[in-house]
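Labels A, B, C and D are assigned to the chains in the order they are written; within every chain, residues are numbered from 1.
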């Protein structure tokens, strides 16, 4: 049994749903999941389908080509089709904080994540023992002002060689340049330790403490050129009070960061996120 | 433009989605919303569609009949079809507590609820002034052990005469008998002031206090013969601590009850709830 | 039995707690509640006590004077002492939105609020019927650019004549001038319909929609000269998704606004809030 | 500087707070934290203090003896006094699930937990590699029906030899007998994977799925003879829907279990929990 996931978006107009479902039926597919959304402001139609094809001669590549000519062209659709056989490959970028790394590798180990982690990149050696204990290759690529360009070239080479599908910055603490972002548009996931758009930039827990907020948050978003301004994938919050020092906010925040980043990674790896106009559509 | 909402469930099998969407297209409909769910344990397929028909000759009644013969029969579907022109009629049953009543009438007044409230029934006169201030007819039907049967007959007559679609027990504090339940299966919505299935029955806040829970809840569910055991529509919770007395739990609980009941009413009125096997499927 | 609540703050130093508790014991008081907080950044000590005095000759005014000379002077304390006999008087300022007004008056009616509401002020007549139905005097004071100064004088006169203790802007939709703020420092409570400091100013739900946040919030704070930048008393949030239109955010937000404002009002009325350095200490 | 934490409970009566604070002042102590609670139903007074003693000759043992004779006797107080120099020793009991173990050891490593973990006990060998990677001794003590008594003797010996202060069952999956419970009353912390008192006993996620709840929870409590009925320390919940299979509930539950257990451990280790009448008082 072959199973594919289809993501579509296009200008909204009548008969899209019926056209897509008929097309898939004609191709011998059985739809096992369908969900859709219309952005009424932008007048854009979004759809996510999962379809099974029992024919032994089914080929995802062939389906893609008939999908384009037989359907997508008519509606001027942008689309992506994924075979469920191929797990996406995720590169992990870390620095010195270990909580998100432990959390993701723990989930990876327990089979919770539908993806592969070919390697971990870090600008420091601190977390190498953790990578080792999970048997994941660890590349130490130092980043300094002078070395930044060179470092990114090394990163890109590794990413290309391993055919990485998406990148997760698990508290990487470095600003990623346009060179990387352009190669992985809406494919670099960051965790920011505030409830965006509040407290953009460095030291958000310090800013939250200073402002005296009663709730702190964490936000996972795709990285774009503008700092902390990319499409938001997932957010969560927790209560704090006057009795919490900055160190308490940081400790409570770690728990938020772990869960928010893990959820964003799962949504992305399961192809449940679509991006349009710097916002996400998250399918269930 | 005619708009209808279709709710379907049937044994799961291939081609249901394509068959339904094709059928609607053939009938001249444009699907504007589709969502589905498969209960893998029971092997049951659930679907909710909204479809628009631009033809002036469209008739919901005629559509229902061709839907049954041309599609539903083949798949042995159970289905309901609603015209968006007809707002559902809701009867409110209250007793002496006013918070849920104020809340629902405030939302009704502000246009938040897509329904009509032809009348309010109460076994006490206490809340009549509120009904009056919102200009909603108020029927006082006392309920005592001796009068219970007679009272229910009066209630049923009112419900029938006004062609009531569903009933909301807004802290009605009386056990509704099988006579009413049989006439309105999965159409009587109750708000229970605990996080079910914890603390079934009377005085749940007292029980929660005694057990020393750190979180209390409220649950809105359809009324079935078994007390507080019907399909759950919506739940919510809030934190409490050792410092809260029973009276504090009651006060905090009021806020939960209002919001949970209002959400359940909105879901039901917007035909987003399906019931199967004493559980609900809630469409988005 | 006389009961008083004491709020103290001063530079932190040894022996404050023991000095205060001994002083109260010497005066014949029995402490029934004590809570304290030290702001380690600012090195400031905060304390809240409730104490009962059984002596029939007890006078709050006399206690205040000996408290100042016998204790507060030594520690250079800032303090406030309230008799529990006197409920604080709250003025409600509203405009056209009714949800916070209904909510507060419903709680007031049910005895949930430990305060008095001598009157409601509005720049529009729309909500007068609600005030009438709850039997609370309603003053219509129109506010236009030309009339603003005159209107504020009228407001101030009413506030003074009724010896109002604090003001609640229940979606008042007007910017309050420094003239009022100076008379009621940290005594004007506003409800802002966003999770501050995100989305300061007008139309926060529109901004939240545009940014594509996954959680929206509401914030109750004391009004200061800088817009939406005063000390935060209470915040709460709720989840939203891409499927929610701006109108949905507004509807969901109403529920947040009601609860957040009501909580802030209760905290203030129960003398549980202290303000220092544009932040609040909230006692339990 | 010596720092101690004092926990007191006794029958409520006037002057307790002043007596305690005066006593500490007389002994040369400076109170840096004080919090109290009165259970009005049981008429019991609870108090938690932190006090610093600058005298070099201060001895916790001596303070305890004068505290008993000079103060506690008069008020018939039950009390415990802890020196902040001595970190509590926690024994971890695990079985095959690794998520709570990883989580606690990750926090332990990062310095978030104010305690020592002298060893881990397990009835299986599966998690030994994790213990090894964190350099914590791991004792494999198999438990079968026949070996249960023998196994508990081995456990008790280890606990005694290492002067263990409290035990954490991190998804230990075995029922602990009265022999252990009696030795560690209110000192054995369990994590139950439901929102107690709903779904006591085995397979709570299966029961939650069957009941169709919209929210699931986790509960950390002290172990008593009655299954899952001990004093609740901490609870938390998360939303679920009809679309979640049992495996999804289990995965979402893991995140709850980790955080709820970690919070309970921190509260206990920081001596912030008092137990009375099968309920907890949790100080802030």
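Details
Going forward, a residue touches a chain if its C-beta (ideal position, glycine included) is under 8 Å from a C-beta of that chain, and two chains touch if they have at least 3 such contacts.
Small disclaimer: the values here were computed from a predicted structure and weren't measured.
Contacts with chain A and chain B are shared by C, D. When the C-beta contacts at A-C and at A-D are tallied, the pair with the greater total is A-C.
Averaging C-alpha coordinates per chain and comparing to chain A, the farthest chain turns out to be C.
For this pair, chain A with chain D, the centres built from the Cα atoms lie 37 Å apart. Here the CA centre of chain A is 42 Å from the CA centre of chain C.
Counting only residues that touch two or more partner chains, chain B has 241, 243, 284.
Only residues 14-15, 17-18, 21-22, 24-25, 30-36, 38, 284 of chain D touch chain C when the two sit together in their complex. Residue ranges on chain D touching chain B, taken from their complex, read 37, 39-40, 195-199, 211-215, 217, 231-237, 241-243, 245, 278-282. Residues 98-99, 102-103, 106, 109-110, 112, 133, 241, 243, 251, 254-255, 259, 262, 284 of chain C are the ones that touch chain B when the two sit in their complex.
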